[in-house]
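Two complexes, one shared chain (subunit A), two partners (subunit B, subunit C).
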Partner chain A sequence: MAMPTAASQTRIDLINLRKKLSLAQRGKDLLQEKMDALAIEFFNMARGVSRLRREAMKKLAEAHASLSACLGLKGTIETMQSVRETKKDFEIEISSRIVMGVEVPQVTVMAGERSVAESGYGIYTTGPITDRVAGEFREALRLLCELAGLESSLRMIARELERTRRRVNALEHVTIPETKVKIKMIEMKLDEIERDNFVRLKGMKTLRERRG
Partner chain B sequence: MRRDIFELELERLNLHLPKRRISLGEALRAERPCVVTRSGKIHTFDRRELEMLVGLLEGDEVERLMLPILIEINPALGRGAARIPGNLEAKVVGKILKKREGETIIYRPEIAELRRKLPTTTCYVFLGGGR
Partner chain C sequence: MELAYRVGVIGDLETVIGFGLAGVADLHVRRSREENLAALRKMVESGRVGIIFVTAGVAEELEPEIERLRERPLPIIVTIPDSRGTAPKVDELERIIRRTLGAKIVVGEE
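Here is the complex of A and B:
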């Protein structure tokens, strides 16, 4: 721990150090509040990620089961042909929102439900099972896009949380105790100087009285 | 050197606040409802949240509710407590959290619930730090 040098043990240094201590304590309180707020955001997002992941996995499993059924019912060639013919229009909008100074992505899927006619594949070689596969994969893709956005936000918030925690720890365990020690040392030194002066003045007074 | 970093950190705390807040009505009319933050970034509001807020308001309140709704964090209130400034804002938050009318102080579990329901239309503001 760096100790104040003899040259820096003056009353003005004491005032400056007291200001620094007050700022550090205020900063610690505020950063702790920020950390709490980030933790709230983190857990809210983590819950969302977990829910979305569960839903996406469920939907993907359903879509794959439907695809297997479709391959069995319609045949591989017809199904693959329908896949090639399906319109690949899937519109998503990526905007940003700011969470405690962290810019996180906000993914909005614009693509909604679409009718069989809008899907692009021929209606003579396909059937309801093909429509179901298309719909389920589309829904799974929507969930995956939202999941990607939320997971990326979660990682960003976690990084900011870690950074804030480091700052709070540095203030709590290094800056504040270090400053308190410095203040104590300067106070002791100034008290010592004051006592010295007092004794010297007392001595001078006694000397003057003796002389006359 | 360290002192400078912390001062900078305190000044950075409120950079996510908007330069200018907009009313709910203004946000609904905009093609892309958003505000510009003090750091110059774009903060977009979710339209579903705006519609949810409209459902909670009556008459001209839509034009008077300013967005984002601020959640004032002040260490003087105690750790984990926050205040909702503005009567209308407090009323809306009260309806969302099912609180008694007139209560402007909310606590950590309520903050979490509020942020879960309104992640884009609310934002934190830190008081008592920076210059």
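Here is the complex of A and C:
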């Protein structure tokens, strides 16, 4: 632990250190509050992610089941051709919002329902089953995009939470105790000087009385 | 940053076909590790892809790169199970919680 040098043990240093200590303590309290709020946000979000993930995975599994039927009925090569013909219109919008001072992404799916006529693929290699697969995958994709935004937000909140905790720890276990030790040392030193002075004055007083 | 982005998918053939029919523009059928990596990098560098879905098997192969890309705000990379339902070995949510709180906590629904 860094010791204050002899040169720095003055009254003004003591005042400065006391200021620093109260600032550190206040900062720690504020950060601790922020940490609590972040933790609440984190858990709410985690619950949302967990629910959305389950839902998205269910939809995706259903879509895959329909797809394997479709591949069997229409053939893999034919379906791949349909993929090539499909209009690639799936787009999302990503904006950001601020949660507890953290910038997190917000995903909005722009592509909505799509009618069969808009899909773009030809009618010879496809059938109702293809439409169903396309629709189901689109639905799964919509959920997955929402999930992506939420999961990424969660990751960012988690990172901020970690950072805040590190700062609280640094203040609590390093800055504050170190400052306290320094203050104590200067106080002791100043007391020592005080006592020195007192003894000297007493001595001088006795000296003068004896002479006088 | 409010922009329209595309979505990318890297995975097995069935996954790619499915998402292709749904209207996803950036598709890559998994091949060798190098080719998958190149495809991922190309999607990232295009700047037009906002979310990349990667199937569990590919995600495992490209783990270090994906971890590195997650430091950036965009694109968002999400692991999904492949057509056989092979889910990621480590649940992403669980991993985030474990790393943040240093403990495994099961988050239930309300």
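Heads up, the rule we're going with is that the second predicted complex is superposed on the first by the 190 of 212 C-alpha atoms of A that agree within 3 Å, B and C clash if a C-alpha of one lies under 4 Å from a C-alpha of the other, contacts with A are read in each partner's own complex, and residues count from 1 in each chain.
Everything that follows uses one rule, which is that a residue touches a chain if its C-beta (ideal position, glycine included) is under 8 Å from a C-beta of that chain, and two chains touch if they have at least 3 such contacts.
What you are looking at is a predicted structure, and each value in this text was computed from that prediction instead of being measured.
By the touch criterion stated above, A:F43 is placed in contact with subunit B and with subunit C alike. In the superposition on chain A, contact is made by A:G101 with subunit B only, not with subunit C. Shared-chain residue A:M35: touches no atom of subunit B or subunit C.
By the touch criterion defined above, A:V133 lies against subunit C but remains apart from subunit B after alignment on the C-alpha atoms of chain A. When the shared chain is aligned, no partner comes close enough to touch A:L17: not subunit B, not subunit C. Once the two structures are overlaid, the count of subunit A residues touched is higher for C than for its counterpart among subunit B and subunit C. Of the two partner chains placed around the shared chain by superposition, subunit C is the only one that A:A63 touches, whereas subunit B remains out of contact.
In the superposition on chain A, no contact is made by A:L52 with either subunit B or subunit C. In the superposition on chain A, A:I186 makes contact with neither subunit B nor subunit C. When both complexes are aligned on chain A by C-alpha atoms, subunit A residues 43, 95-96, 103 touch subunit B in the first and subunit C in the second. Those residues of subunit B whose C-beta lies close enough to touch subunit A in the complex are 2-3, 6-7, 9-10, 12-13, 15-16, 32, 34, 37, 39, 41-44, 46, 73, 75, 79-80, 108, 111-112, 115-116, 119-120, 123-124, 126, 128-129.
Residues of subunit C touching subunit A in their complex: 1-7, 13-25, 27, 50-51, 53, 70, 73-74, 76, 78, 80-81, 83, 85, 87, 92-93, 96-97, 99-100, 107-110. Per the touch definition, subunit A reaches subunit C in the complex via residues 42-43, 46-47, 49-51, 53, 57, 60-61, 63-64, 67-68, 71, 76, 79-80, 82-84, 86-96, 103, 105, 107, 110-111, 114, 119, 121, 130, 133-134, 137-138, 140-141, 144-145, 147-149, 151-152, 154-156, 158, 161-162.
The touching residues of subunit A, counted against subunit B in their complex, run 20, 23-24, 26-27, 29-34, 36-37, 40-41, 43-44, 95-101, 103, 106, 108, 167, 170-171, 175.
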